[in-house]
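Just below sit the structures, each encoded as structure tokens.
Both complexes shown next keep subunit A, but they swap its partner, so subunit B is in the first and subunit C is in the second.
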Partner chain A sequence: MKSHGTKILLSALKYIAIGIFVLWVLIPVAWVVSLAFKPYAEWRVSYFVPKNFTWNNFIVLFKSEAFVGIMGATAIVEPVTKPLINSLAVTSLSTIIAVMIGFFTAYGASRYNTPGPFGLFFTLLTRMLPPATFVTPIMVYYSNLRLLDTHFGLIILYSAVTVTYGIWILKGFIDAIPIEWEEAAMLEGATPIKTLFKVVLPIARPGLVVAGLFIFLLTWTELLFALVLTNVYAVTLPVHISKYVGAVGQLYGPQAALALIGSIIPIAIGYAIQKHLVTGFTFGMVRG
Partner chain B sequence: MKIAKVRVVNVTKRFGDLVAVNNVSFEVYEGEIFTLLGPSGCGKTTTLRIISGLEKPDSGKIYIGDNDVTALPPQLRNVCLVFQEYAVFPHMSVYDNIAFGLKVKRVPKEELSKKVRELAEVLELTDRLNTKAGKLGISEQQRIALARCMAVEPEVLLLDEPLTFADAKVREKMRRELKKIQRELGVTMIYVTHDQLEAMMLSDRIAVMNKGRLLQVGSPIEVYDNPQNLFVARFIGSPTINTIEGVLVRERERLLIKRNEVVVDVSEFMSSYHNVESLLGREIVIGIRPEDVYLDISGPIEGVVEVIEVSGERLAIHVRVSKELVLKALVPIYEVVTEREKVRLSFNLEKVHIFDKATEEKVSSVSKVKY
Partner chain C sequence: MPEKPPREIKYLATLPVNILLNAVLIIPFAIMIYLAFLKWSPAMGMNWWEAPIIGLTNFARALGDARFIAALSRTALYTVSVVAIEFFLGLALAYIMLGDFVGKKAAIAITIYPLMLPPVVVATIFYLMFQSYGPVNNLFLKAIMGEEALRIYWFLKPDTAFITLLIADIWQWTPFMFLIMYSALSAVPKRLVEAAEVLGASSFTIFWRVRLPLIKPLIIVALVLRGLEAFKMFDYAFIMTGGGPGTTTETVSMYIYRTAILYTDISYAAAMSLIILAMIIIVVRAFIWYFFERGR
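Let's turn to the complex of A and B:
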């Protein structure tokens, strides 16, 4: 039996541990937020609250700006509009493709045992090698296929390397759907395809949402492939962020502002769909 | 509504080494409630799924009406199945559940709506039409599943243990409703259950299955009164049938069933069998239902009352005849009998069943009764 004092001590220790963890995670984020609203003169000082609050870091993002750095070096950074649209388009499309292919593959794996456990395991292969090992061959490939710096090139690559998450996440969801629902639909006259779209797909919706969010976040923050495979036309947000660090020095302010914009979008999406993450999966089961 | 008969001809289905359905044949008549009855694993559900088209038989044929449907997929068979757990679509409203099959068949919207409302009326679901089906209780889910099936006007309605998950009171009510609805709509119904009482109360005819084989088909009264097989005799009826095992011998003009030290004198009623001679020396099993055993001071069997149970209008008395043999008798409640009392028992000779122990088949029946 623990004494009252020990209990309080343990509980205090627990909160201290949680507090340290939260600080560990949140201090860099707070730093980014602080930087985004600081003028140039305050970027390298170590207080959080800006003395001269400014929106300027955000405003320059949307202009074609020539930055003059130390020793007179200049860098022209394009406005963020295009990379932002690129990122949204590439990420959304490759997510949708990966989730849909993942869904059909997972359905086959769950109901017809294709491509067999071995085959299913090997879809993970694309995630077992560090991307750095195959980014060069892909660049050569893409160069030959004229896919460098294209949206299409990025989309098929991203769907290919993330589809395995779609398969594995969705297989779990589909395995949990009683096959009687499909059989009932077939006995009502529905073809297998119709059954798949009218019954399995809607019931698996929370799974689609989970897989989609996961893949979206992975793709949204991907830097290496985009950095190597794009140059001007199909540049994505992470690549664009990296451009604020270069010949003219570190443009901390605009970089932080862009990081904020870049994280607000997935946060907003996550918030908008969170109700789909929890609802609807367990209802309808008769067995208690 | 079209009503079809169903013929199952020499159907066999294996799962690996297990013969789930072993050369089963039967015919279900138009508009009757036909029950496949047996313990779990006897092949009844597999047989039902073969009729529905969800399983393909390894051999044999299925006819619905006059058509051979063996090669047809389930969606082309015009049958519908109510699953053990009903399998209503949880993400759809009750209305959309009932309308599912009609939408698949592209029934015009007005006709569809009319039909759904009609069925909702019959099955008392009208005020639930807009509720999500997954949120309702089992009694409602069962009615939704039924309505969904009835909407597509199947020629045959299949039900796979639909009352398993209901508690006893609800089950009784649902069973009555099921029969009422079937009678109203007149549809041919094939019903699977492991509950013999449910089968007796619901069915027009019962098929008893065990270990993949069909043992007997008949009306509830036939399978109860005239079991063709020891398994059928034991499976149907509560309390279960009395069985006396032993070798039939003739000693000093008396017919005896002997097993170790147990000797039962059966000359009184066995002498009325016309083929007694052919049974001599064989291992046989005598089956007699508890209600056909009665107290009789001059009866041929003597024993001691062990336990008396009151069951409604009757007493179930357990009489120990020997170390190995206890006979149950259902006697009227006014019989004066006490525990540990010595009693003599007699059988209703017309109701004695004799089975070959090796084959479990009925070997003979009483040709005529003589006292």
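Let's turn to the complex of A and C:
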């Protein structure tokens, strides 16, 4: 048995370890939040709390050509408005498509044991392969179909690569619905399709919400496909951020402000589905 | 099962996913296999289906391409490093947080914060952290080395640039390992741990002999999933280092991207993609066979 003193020492060490990790997570975020509200003169200082608080870094993001001349950089940057709207539209629509198609597939897989057309292996594969390895032919294919730089092209691509998550998350939820309920509805004379929409769909609604939010999170953060397949018209927020940080150089304040704008929605969604994050990220192999 | 399984539903249910995957992924995949055997670039002024077939030349070129081999081994080194570090950190943290303590909920909520951020945002965060006047130099290293610290240019040397990428990855994905290990460890039945305690096992023995063997399958799942994700790495390098200085932090994803987009050498990019795909498919297939199908 451990002595009283050892126990106190161990719990102190535990708090210290957790404290260090919490600081490791928080300091980079705190630095970016502080940069976002600092005026130009304070971008290179070592303290975190801005002396002259400013909203200017955010305002400047919504104007074009705002940066010409600052620090000798002559980059002309588009306002963030269009990428923001594009991201919202593309992400929402592709999420709805992926969740609905995922729901039907998961229903088939759960009730009739059809694990989709290609089985476990293929559905896993679409998520496991590096996007860089199949973006090249998609670009060629899209340019032949005239789908490059269109919202539609991005939406169907995102639906296709995230539908896997919809299938796996929803299958868990549908498996939990007793099949007797459906049998009861069919005995009452409901058609199979009516049973699907009137019995299964309403009960699986929490699953649809979880799957939808998780897919939204994944799509919102995707860079490579959007980078290759868009140019001017359908640019999404991650592409805008990548151009802004990579090409523009040392505009620390606005870059930090842009990082904050890009993280508001995913953070809100992430905490909303905190309990289901494990399930989502591991395709339901690990229950949260 | 219902006595009369309505077959229409069975086919109807998987019809949409079939259409979607065929239209968006399968057709381009078939095109890619064909492209890899061609000599084609949009700059040649012809459609790809009119381009000459050159057989295995593209594949042979990839195997002799020093830049491709370097990118491949660099990505492998990156993957192994971050997965190992994230696993041990995540497991240690999950073990520490297993019991009850004051502020546990808040600690977990803060710990998993990085997981939700877009990788482009994390890249931006660490791009800002590692500037020569950023807090890493200006606050932490200055305390140790003095004014010298402000002259460290992290992104201008291959080694330090690579380290910044590792740190960004570890910062963002250690919570992933933590979450999986934490839910796995919490699911270990209490009575087993108590039984071991009654038998007089030390807490280290319980961890090593009882808890760890029970969560081994989940450890494998976590390692493989994280490994495959890390191997994809594009966003951090693209934003923080641009693959530079030179091509010294270029990953496989970045090299393929550049070959296809900057050098418009589409058929060569397709061939390299197929090589990577084949490697990954072998790994994933072996993984699924070993852990899901072997016993059946």
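Just so we're on the same page, the second predicted complex is superposed on the first by the 250 of 288 C-alpha atoms of A that agree within 3 Å, B and C clash if a C-alpha of one lies under 4 Å from a C-alpha of the other, contacts with A are read in each partner's own complex, and residues count from 1 in each chain.
The working rule: a residue touches a chain if its C-beta (ideal position, glycine included) is under 8 Å from a C-beta of that chain, and two chains touch if they have at least 3 such contacts.
Here the structure is a predicted model, which is why all the values come from computation and not from measurement.
Touch criterion met: A:194 reaches subunit B, while subunit C stays clear of it.
Contacts of A:272 after superposition: neither subunit B nor subunit C is touched.
In the superposed model, A:203 makes contact with subunit B only, not with subunit C. Contact with subunit C, but none with subunit B, is seen for A:167 once the two complexes are overlaid on the shared chain. Set against each other, subunit B and subunit C differ in how many residues of subunit A they touch, and the higher count belongs to C. Judged by the touch definition given at the top, the superposed model places A:178 against subunit B, while subunit C stays out of reach. In the superposed pair of complexes, A:186 makes contact with subunit B and with subunit C alike.
In the superposition on chain A, the residues of subunit A contacting both subunit B and subunit C are 183, 186, 285-287.
By the touch criterion stated above, subunit B contacts subunit A in their complex at residues 52-54, 73-75, 79-81, 83-91, 100-101, 104-105, 132-135, 138, 141, 145, 148-149, 152, 165. For subunit A in complex with subunit B, the residues that touch the partner chain are 178, 180-181, 183-191, 194, 198-199, 202-203, 205, 280, 283-287. On subunit A, the positions that touch subunit C within their shared complex are 11, 14-15, 17-18, 21-22, 24-29, 31-32, 35, 43-46, 97, 100-102, 104-105, 107-108, 111-112, 114, 116-118, 120-121, 124-126, 128-141, 143-144, 156-157, 159-161, 163, 167, 179, 182-183, 186, 192-193, 196, 217, 220-221, 223-224, 227-228, 238, 241-242, 245-246, 250, 252, 255-256, 258-259, 262-263, 266-267, 269-271, 274, 277-278, 281-282, 285-288. Within the complex formed with subunit A, the subunit C residues making contact are 1-2, 5-6, 8-10, 12-18, 20-21, 23-25, 27-29, 31-32, 35, 42, 47-48, 92-93, 96-97, 101, 107, 109-121, 123-129, 131, 133-135, 138-139, 142, 171, 175-176, 179-180, 183-184, 187, 218, 221-222, 225, 228, 231-232, 234-235, 238-239, 242, 252-254, 256-257, 260-261, 266, 269-270, 273-274, 276-277, 280-281, 284-285, 288, 292.
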